[in-house]
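Listed after this line are the structures, all set down as C-alpha cells.
Two complexes are shown next, each including chain A; its partner changes from chain B in the first to chain C in the second.
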Partner chain A sequence: MKKKSTPELIVHEKLTLQLYVSGMSPKSMEAIENIKRLCDEHLKEAFELEIIDIYKNPEVASQQQIVFSPSLIKSLPLPKKTLVGNFSDSEKVIKGLGIAFKK
Partner chain B sequence: MAAKSTEELLLKIEELENSLAESEQLIEAIKAGEVDAFAVNSNDKAEVYTLQSGDYAYRVLIEKFGEGALNLTEDGLIVYTNTYFYELLNLAYENVVGSFFTDFIDEGSKKTFTNLFQKSLKGSSKGEINLYVNEKIIPVYISLTSLQPKLATVGVIITDLSEKKKNEEIILKYQQDLELKNLELLQSNNELASFTYIASHDLQEPLRKIQTFSNRILDKEDGNFPANISDYFQRIISASERMQNLIVGLLNYSRTNTAEVIYTPTSLNSIIDEVKTNLSELLEEHQVSMEISALPVLNIVPLQFNQLFSNIILNAIKYKKQNTKPVIKITAVMADAAELQTNNTAACNYWKIKISDNGIGFEQQYADKIFELFQRLHGRNEYEGTGLGLAICRKIVQNHHGFIKAEGKPDVGATFIIYLPSL
Partner chain C sequence: MKQQQTKLFPKTATGISGLDEITGGGFPKGRPILVCGSAGCGKTLLAMQFLVKGITEYNEPGVFMSFEETIKDLSQNVQSLGFNLEKLVADNRLRMDYVRIEKSEIEETGEYDLEGIFIRLNHAIDAIGAKRVVLDTIEALFSGIENAGLLRSEIRRLFQWLKDKGVTTIITGERGEGSLTRHGLEEYVSDCVILLDFRVIDQIATRRLRIVKYRGSTHGTNEYPFLIDENGISVLPITSLKLDHAVSAEIISTGIPSLDKLFKRNGFYKGGSTLVTGSAGTAKTTIAAYFALSSCKRKERVLYFSFEESPDQLLRNMLAVGINLKPYVKSKLLTIHSSRPSLQGLEMHLLVLHKLIDSYKPKTVIVDPISSLVTIGSNSEVRAMLVRLLDMLKINEINAMFTALTHQPINDYIDLSVDAVSSLADTWIKVRNEEQYENRMRSLLIVKSRGMSHSNNSWNFIITEKGIQLMPATAAKNMNENQNNK
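Moving on to the complex of A and B:
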C-alpha cells in the first residue's frame, strides 16, 4: 500500500487514471499539459496515467457507451469518477477525483 | 417484497447522489464549451464526433505550415491545396485548385510521378520530382499517402529542394575544380621530373667540359701564363664548381617533391646514428659533441630525414663560433596544444623536436627568411653554401605534414624546432 506522496494530499493507494483526448484539438493539448502538471506536482509517484486519443482508438467508446474529450477517468481506487473539461483548475480536479487535502 | 433496510437505502442514495453530481458536472462542462469531441458506440460501431473547436489546430497546422499540402483525387485532381504550395509555384489559389497535379510537373518527371502515385493508392510512397511552372524548374521531395477509406483522396506533402540542389551544384563545381587542379598538379610534377632529368644531364655536361678543359689548360701552360691569366682560369673553374653545386642542390630540392616516397615507421635515433656515421670525419675534425635524447618513432621517408638532419647539423658546424667546440643538442617532447596555432588543421598529437647549437646564431627577424630558396645571411666570402639547405629541410618537413621554425640569438646559437605528427 502506497503511503502519502506529498505534504499536500492524502493518497492511500496508487491512482489509475485515463485521460481521453481528441488529437490536436486545443482543449486536448491543454488538458494533457494540465493533468501532467497536476500529477507531477501533487501526486508525484502515486499515479498511473494513460492518455488515449479517441481519433486513434475510437473503439474505447464501446466499453463506456460514450466518451467525451477531454475527460479524465479515475478507475482506481473505487469509486470510479469521471471528469470532463480542460482541467485548468487543479483544486477542482483533485476534489472531483475524491482526494482530500491534508489540513 | 422485502423492504430494504435503512442502511441499504442510505447507501443507494449516496450512489445516486454521486452519479447525479457527475452528470451535472458533465452538462456544465458541455455548456461551458469545454468539450471538443466525443466517441459514441452506436450499433456496435464506434463513431467519433468533432465539435467545431476540435479542428482548429489541424487547420492552422496545414494551412500555415512551411511545406506544401495537397489532397488529390484518384485521377490526380487537386481538390485541396494549402497556401505554401501555390506560393511555391508563384500562382494564385484559383489557378492551382481544380487543376491536375501533373499540369505542374516537368516532362522529365512525369513518369516518376505516375509510378509514385500508383504506389500510393495502395499505401504510401515518397520520391523526388521536378515541378515546372513559368519556365522555372522547382526540385521537390513529395510524400504521398492514400487517405482511404476515410477520405477518397491521396494526401501529398511537398518539400522544396531548391536550396539543397543549389548547394549540391556548388559542391559539384568545387569537386570539378579540384579534379582539374589535381590534373594540373600531376602535369606540373611530370614536367618537373623531366626538368630534373634534363638538368642533371644536359646542364652538368657543359659544366664538366668547362672545368675539364680549364684544368687542362692550367696544367699544361701554367708556367707560361702571366699571373692574371692563371687567375682568370682559376676563377672560371671555381665559378663552374659553384654552378655545379647549385645544380646538384636544385636537383635535391626538386627530388624531395617528385621522387617516389615510401613512408615507414622509423626510429629518429637510428637516423641520427646514420648521420653521425656519414659525417664522422667532419664531426671529429671540428670536435663536435652531440647530446641526443630519446627520439620518437615516426612514419617518415628515412632518406629524406637523413638529409634533413644532415643539413641542420652541417649548418651547426659551418656556423660555429670561432675557437668554440660546437655542441649540438637534439631533444623531443610532446607538443603543447597551445603552441600549434592556426596552421594546425589535423586533430592529432604533434612531436616537438628541437635541434640547438652554440654557434654564431642569427637575428630573430630573419627567422623566416632563412628557409627561403637561395637565401643566405652571409656573403659568399664569409661562408660558402648554396642557400638551399634550409629550403630543402622545410620541404622535407612539409612532405611529412609538419612545421619547422627557427629561433636565433646572435652570438649565442640557433635552435631549429620541428613539429611532426605522431604515429
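Moving on to the complex of A and C:
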C-alpha cells in the first residue's frame, strides 16, 4: 500500500460502525487504535463509531452474533458487513467497508 | 468393582438408556466428549438428550450452543420426543444460543480470536449454573473462516477452557474422509470419543454406536445398535452379562394337561425357555397359544410377538381350536405385538422386544416364530441376537416359548434357527406330521428338558375344537380307524 498524504474517500452515506472488543487485550487495543486512526484520517465526519466491550455486555454478544473478537460491524449503509481482526491492514478494511479512494 | 471405578473416576450419567451401562456410569465428568458420525446419524439428538436428561433427571442445568440449526428448528425437532425446550428455557434450566456465521458477510483483516464464543458461553453457563454444555457442531466455523490455523488453536483453547470451567461438554463433529471428523477435532478431545454410524445392509438400516476411546475408564468395545424412537435414543448392550441368573424350582403348566404329564414334575420350570420346532402346519402356534393361555389363567402377563399373523388373525384361529384369548387381551393380561420381520433390522427387532418387555413387564414371552427373523440376518447375527434375547429373559425370570419353522422334518438339526436356540433352550419339543394309515398323524416328541426327566416316547395327538389331546401311538391309530369307518 502506498502511503500518500491522506487521500480522501468517496463516501455517499454516513457509515454506522460498531466495534466489539474483549476488554483490554492487546488485540482489542490495537483494533481500537487502528479503526480510530483510519476513520479520523479518511472518513472525517462521515462516520459514527460505537465501541462496545463484550466482557461488560455479554448479552449483546449473543444478540449481535459476535463470534470473533475484535469484530467491526458496518450496519449502515447496507449490505451489513462484519470485519474481524485487529484491522492492521487498512486497505483491506476500507475495501471491506465497501468504500473507495478518490482518484 | 463398579463402585471402585466411580470413586477413581467421576462420571456424569447421560440418562440415555444403555449408554450408561456400556460406559460404566456415563461420560467423564467435567471433560469434553466428542460425538462424531455422518450426517443424520443422531449426533444432535444424542447431545440434546444428554442435556435434557441432565436437567430433568440429574438436576444439572445445561447450555446448548448450536452452530447449524436455529433455536426454533431445534425445539421443533425434539418436540416429538417429548422435550419441551421452551419450558426448560423459561425455567432457567436451559440456555440455548444459536451462532450464525455468514461467510459472505465476514472479512478477515489481521489477527483475531474466538472471544465472542467464550463470552457467550461463559455468560450462559454462569447465568444458570450449567454443568453440561453442548457445542453442535463447532466445525461449522471452519466454513466461514479462511485462517484455519488460527481457528484450530482457538478451538483447542476453548476445549481447555471448558475443562477448566468443570463442565461436561459434548462436542459434535461430522465424519470426515479417513478421519473421525472433517477438521480433526479428535486431536483436541482426547478423553472420550463416541462414534455413531448409520448403515444399510440388505436394505435394512441399523444405527450403531461405538466408544472409540475413553481415557481412564474401562468401557464396552463392541458396536452397539441403538434405536431412535418416540422416547429418544436407547442403546442396546450386546454382550451381556454373566451366567449367574437365579433359577426357580417352581413348576408351571404347559397349558395342555396331557402334555404336562409327559414331564416328571408336570410342567416346565418357571423362568425357563422352551423351543417348539416343526414344519408348517404342525400346531406350533397352537401349543404356544396354550402356553399363553395358562399364563393368563395364572393372572400373569403375557407378551406375544407374532411375526406371521396379525393379532386378530391369531385370536380367530385360536378360537377355532377352543382357545379363547380375547377376554385376556381386553383385560390387558395378554398383549399381541405383530410386526413384519423385514420391517427393520435384527437388532432393531431385539431392541423393540427389549423395550416392550421393559415397559410391559410380562411373566411370559412368546416369539412366534423365531425362524422368521432368520431371513433378515446372517448366521452369526441371528445366533448372537437369540443368545442376548434368552439372556435377557432369563435374567428377568420370564417364561419363554419360541416356535421355529423347520423345513426338513427329519433333519432339522441343520436348520439355522433351531441350531441357534436348541442348545440354549431348556426344553425342546418337536412336533411333526406324518402320513400314516392313509391319515395325517400328528406326533410330538420331547427332545430335551433340562433338570427334569421326561417321556422318551413319541406321542400322537389330535386337535379338536376342545384343544390338543395327546395319546399313545396305538390309541391314535384306533381312533383314526374308527373315524374312517364312520
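Heads up, the rule we're going with is that the second predicted complex is superposed on the first by the 93 of 103 C-alpha atoms of A that agree within 3 Å, B and C clash if a C-alpha of one lies under 4 Å from a C-alpha of the other, contacts with A are read in each partner's own complex, and residues count from 1 in each chain.
We take it that contacts are C-beta pairs under 8 Å (C-beta built on N, C-alpha and C of every residue); 3 or more make two chains touch, one makes a residue touch a chain.
None of these values were measured; they are calculated from a predicted model.
Once chain A is used to superpose the two complexes, chain B occupies space that clashes with chain C. Residue contacts after overlaying the shared chain place A:Ile54 against chain B and chain C alike. Shared-chain residue A:Ser69: touches chain B and chain C both. Of the two partner chains placed by superposition, A:Ile32 touches none, neither chain B nor chain C.
With both structures placed on the common chain, the touch criterion links A:Val84 to chain B and to chain C. When both complexes are overlaid on chain A, the residue A:Ser22 reaches chain B and chain C alike. Shared-chain residue A:Val93: touches chain C; no touch with chain B. Among the listed stretches 4-12, 22-30 or 382-390 of chain B, only 22-30 clashes with chain C once the two complexes are superposed. Once the two complexes are overlaid on chain A, the chain A residues touched by chain B in the first and by chain C in the second are 20, 22, 25, 27, 54-55, 58-59, 61-62, 65-71, 79, 81-86, 96.
Within the complex, the chain A residues that touch chain C are 20, 22, 25, 27, 30, 54-55, 58-59, 61-62, 65-71, 79-89, 92-93, 95-96.
Taken together, the chain C residues at the contact with chain A in this complex read 97, 99-102, 105-117, 119-120, 122-123, 141.
Chain A contributes residues 20, 22-29, 54-55, 58-62, 64-71, 79, 81-86, 96 to its touches with chain B in the complex. Partner chain A is touched in their complex by these residues of chain B: 18, 22, 25-26, 29-30, 32, 34-41, 44, 46-48, 50, 53-58, 61.
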